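Each of the two complexes below includes chain A, the first together with chain B, the second together with chain C.
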Partner chain A sequence: MSRARVLAGTSAVGSERRPYSLRRRLMAASMAAFAVLIALLSAGLWTYARSSANQTYDLLLRGAAIAILERIAVTPEGIDIDLPPSALEILALDQEDRVFYRVVDARGTTLTGTPDLPTEGFFERSLPLQEPIFFDSLYSGETVRFVVNGRTLLSADRPQWIGVQIGQTRIARNAMEADLILKGLVPLAALSIAGVAMARAGIGFAMRPLAGIERDIRERQPNDLEPLGTAPPREVESLITAINGFMRRLDVSRGQAESFIADVAHQMRTSLAALYGHLEAADRPGEAGSRAVARARDQARRTVRLTNQLLSHAMVIHRADKEMFQTTDLGELVRRLMEEIVRDDAAGGIDFAVEMPPPPIAPRVTGDPIAIREALRNLVDNAVRHGPPDNQITLRVTATTLAGRPAYAIGVEDCGPGIAPADKPKVVERFYSSGPGGGSGVGLAIVAAVAESHKGRFDLSDRQPNGLSATITLPETPPPGPVSMP
Partner chain B sequence: MRILLVEDSRDLSEGLLERFRGEGHAIDLETDGAEAESLLRHASFDVVILDINLPSMNGYDVLRAMRARGDRTPVLVLTARSEIDDRIVGLDIGADDYMVKPFDFREISARCRALVRRRSGEASNVFVQGTFQFDRGARRASLGGIDLELRHREVQVLELFLSHLGRVLTKDEVADRIYSFDEAPSLNAVEQTMTRLRKKLDGSPIAIRTIRGLGYIASIRDA
Partner chain C sequence: MTARSRIVVFGAIAALFAVAVVPVLVFGHRPDAPQRTVIDVWSATDRSAMAEILAGFEAAHPGIAIRYTEYNTSELREAVLAARQKPDVVVSSAMDLQVELVNRGLASPVADVPETPEWSRWREELFGFTQEPVALVYNREAFSKRPLPSTRSELAGMIRDEPSFFDGRVGTYDVALSGVGYMFATQDAQRGFQAPRLVESFGRAKAKTYCCTNDMVEDVASGRLVLAYNVIGSYALERVRRDPRLGILLLSDYALVFTRSVLVTKDSDDKAAAGDFVRFLLSDAGQALIDESSSLFPLVASFREGQSFFETRFEGSTSLLPIRLRPSLLTWLDERKKAKFLHDWKASIKGPPKDDREAAPKKT
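What follows is the complex of A and B.
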């Protein structure tokens, strides 16, 4: 029992995983609509058939009742009933139907005919004179349609009501009713089948552009990122626009990746070629040889730094794609960063300072702590590298706003030579390096990439009398929407 | 020194073996994490140089296993810069020091020596670094054999910093250490204590840097 249930459960899970079919949904919806329509029309048809069958046969019943009533006369001996045979013959047109009748007086006493016909209580109501009463009742094992009508006869002493009750079984009526319903339903069913078939064809026709788009994408080469050529129907236009936009972004990003790889290859080759050159000169005798070794070591150090920076850049971009955002305590981050920097700052002549916003502000952002720390590390490294040995470097975190959203600005200020105004836009580009202490040229590109992936901004400004202030501003929570990486 | 090098890169390990052997140290090489782990259960070393990315068992697990069974052998972790977030984890699970690849061979040798000296001092409850000595039992620090004549509070602060080398200590954290509950802590007094201590440590390998607005970091200058 339980095993069967488990099996049923797994099959239910299995069928849930299948993607739903638009065609099946549309078909199910149109068939349901047709079913409701047919049900409503059938109900109407049935009511109409029943009432027209009743009307037709009620006319006959009524005619028979009038015919009998007309032949009732008051004689001095009493009431004289002369039943006309034609009156009941009309009613027996159908071979199967049976007819019952009786003549009653106002007290319900049967004067002639079948005495036990059901009365359905009409004696308690006002007795019919002009308009007859019709009702259905069960009699002798069948549903019988009855009519009751009467007239007032003027006898010697007082007016006297005399009524006639005629019953007829419903066989002929039901046959007529069924015939009417059948004649109505046949064209209705045909119409529904035609409607469903047309809906099916219409859905197929409407879906055909989607199949064309699917074929277009399926048959493409992996590197073919041209926009889709088919003119889309209005309903899927935005979908096609989105697909085309996505492919365009993919194309741009692929182009950037290609140029990045080309740049990296060039930089690495150049650096390694220089190292190789120094090493070739190293086996020269004497002073020249040891100078070449020193240069080779220096070059190796630069190559290491370049490699590290390139990997760091790749890591920052990669992490931006994966959106590894979490609540990041900037105070804790700055503290760890300072420990790292002091540890690596061998000489130790630099005066470091940290300024955090005053309590109770606890600076926190939703971001990638690794990427943010990497950006700050690069800013501080730059300040150390380009500044004097007795540099004063201040890390300042202030609460601010960015495009109307609460944000934190993290500034690194130094007393170095600064960056010439003309160079400021260029330094954030990859492999652009300036000044005598010029590094790999990747550091500020990393910072800019981190600012971008957090939807923040990165600014460089001069300080008075000298020095540079490099500030990365990060929103407390990044606004929703896609990140466009440079 | 008896050194265990756990490193699976042949190029790097050959250079290190040559360097340490050239300096007259006994150095063994393991290239597999699990094998290094089982070796460490039976043999003892003065210092372990441990790579993180190892076959069959990573360096963190080796280190964690060592510390879990109470093995306090100094461990210097080798890591790549791309594992920068792992670095802090390394220190938190009990690495004594770390170096980022690629590194200067002279520096790794100096750091190994410093680790071993520091650990040997711990056994006798004495912190030793170059000519600097701090006897925790006697609560006395000396430089080149000359007593630094530290006051009570200065000893407490020095003890705090030596147990938090390389870590930021805020002024409040320092104040918590030198004041008992019923004394009103004064940050001014902390600063005065720090100034005096730093003056007395002048010329020693212990450097305490002030990060204005954040606190202090003590570090060891390589001798």
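What follows is the complex of A and C.
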């Protein structure tokens, strides 16, 4: 019953929110990666295009400057400037660009050409001699690329710097730049589109096994808990293994639950049939009738106890499923339990003792306090029921280890008759009851279930000269891994 | 020459019509009455050559009137640069000066202009609309008994060999006075190694220099000149067809071809109408008008027909060398370059110094 609720819970959670899509995530990631890549490449492409367009056309400017400088000579009449037609011809090769030029001396006086060309302060720096200066400047309503180069004229009196400044609008450069960018971007964009398409196809191909697994699970009958048959890809192998493990446990526990229900039904039926029999007999007159009434009362009491324990058992198992673990102070728990037992104790002749580990050890475990308390309560009840009226019952908490991990052992010792060695494995099974005044046969099964749900253990041992020691050992923190179903 | 400003007849009639009729039709002033857009065209082209074209444009665009102002080429440039109120359209045969105006950023692009040869347009701002070869005009009677020169080299050789025949009877442009004359001379200098020799031979022959093609053609017709070198072929051809005394020849080594060009100024306040004028000039209708009713040669028709267009009109077979509407023309506008060229040209055209001249007769 409890498992059915767990399953219903998971499917309810699944349908509440629309699940994310792995395909969409992969697509988004690959497209984002492509976008970043294209952005980076475009930036690089732009820089490259600009510098190569500049380089190409700067060579023309430089050549024109050389052609003009070459035709400047010193004559007896002064500086002779014979502007070669080739200089402007070079710059006018089928282009839309406007050109500007001037020849200047070291003081910035324009000897010929357009006097108002922008200098961008190159006269303040060292004047170029062999290596030209290039700069962009706004002139005549457009951005103009300028070159300045110069040479030293050797005249009679002293050497004299003479320079030429040539400007060309950027139309051809910008066209070349745009062309280079376009020629780079088109294949890049095609590549990206192809990449995204291939990524999409690849993702679909990679996801196909998952769809197969999904179909396998979806198309199953509700009671078909066979392991998944498909050979899973490595990436989801552990997921499939986990699903298969889960299904195996589900299968086992469903079997247990079925047998539990069958057992419970049988016990209840037997118990109620006995009660009915006693009540039938109660009609008889005389002593036989009153004996039957006493037996009926006794039977009713046992049935109530059986019912309580079955409910307790079911609760313990239910709580183990729900993982209600918390830090539990065993000392506090044992003290309260003891107070309760002493208060309820009808016998009154029993001597109870509690032994705790010496300080500073504070016995704490991570566990379900209610389940632990229930287990201890059952152990004490057993000790009371099976022991003599002057029983001595000791609850002892000791620090120990379990499978290499720190743990606490809680022992309940009595002076009763103990359990025969052959019976010890059987008593932890459900509905196995031994000896006279035997209980429902559920109590030790509850203890065993609690020990198992805490990854602990439950031991029964004999005491000398007589008596039984029932010890439940709980790890301080349960080791990781799935909580096994009892 | 001073600037003569004239409002085109159609514009004047329209204005008269508006003044006379509108008040009769409606009482009072109507500010929203349809008005004709007036565009200013400043041009260095003979008015007679342009009149039919302007009339054709106004007929095709009734909403636009043209105010046509004529200049010579050098004046035109100065006027455009100096004007506070720029004209809408500038038309000139001086390609170098037009390129300079565009290079200064004074022109504005015109869209959807019909396709023309690549050399005849620049930046979609400057458009050539004619194609006119530079030719040689000669007096038929003077050359009736002697062969015509076929190349520049031959011409220089003839002048050198027969100084008495050519003495004072050769004409060419005064390059200091005429913008186109300067452009022809500089293009000759740039293209042909014969150019200095030819100018020198003109100097020896005491060549006369002129401001204009028409004056030269007139003197050739009257026999004062035997030939005139570097005349505008279109203007000359018109005279030659009417006058049997004249012959016109393209020298076979090369013939320069120049184009009259038009631009719309950046400051024009009606670029759409100005653009319409440019598109009209290069439209089939405009080009047909240029061909039929003006002395100019259309660009598109002559471009389509190729060499044969000129071979049917001129004597001699030649290779045509179009002058390209490109910034390389600016080279010759450089002050230093121009001063130097004019100085050299003047020195050559004046003829050799005296002691040289005394030596010259001994040779012959």
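Here are a few things to note about the model shown:
What we mean here is this: the second predicted complex is superposed on the first by the 285 of 486 C-alpha atoms of A that agree within 3 Å, B and C clash if a C-alpha of one lies under 4 Å from a C-alpha of the other, contacts with A are read in each partner's own complex, and residues count from 1 in each chain.
By our rule, a contact is a pair of C-beta atoms (placed from the backbone, for glycine too) under 8 Å apart; a residue touches a chain by one contact, two chains touch by 3 or more.
For clarity, every value in this text was computed on a predicted model and none was experimentally measured.
In the superposed pair of complexes, A:A92 makes contact with chain C only, with no contact to chain B.
When both complexes are overlaid on chain A, the residue A:K424 reaches neither chain B nor chain C.
In the superposition on chain A, A:L311 makes contact with chain B only, not with chain C.
Of the two partner chains placed by the overlay, neither chain B nor chain C lies in contact with A:R364. Of the two partner chains, chain C is the only one touched by A:P84; chain B is not. By the touch criterion defined above, A:V334 lies against chain B but remains apart from chain C after alignment on the C-alpha atoms of chain A. The residues of chain C lying in touch with chain A in their complex are 102-105, 118, 122-124, 190, 324, 326-328, 330-332, 334-337, 340.
Against chain B, in their complex, chain A makes its touches with residues 304, 308, 311-312, 315, 334-336, 338-339, 342-343, 348, 351-356, 369-370, 373-374. Of all the residues in chain B, the ones that touch chain A in their complex are 81-82, 84-85, 88, 102, 166-168, 207, 209, 211-214, 217, 219, 221.
Of all residues in chain A, those touching chain C in their complex are 80-85, 87-89, 91-92, 94, 96-100, 111-113, 140-142.
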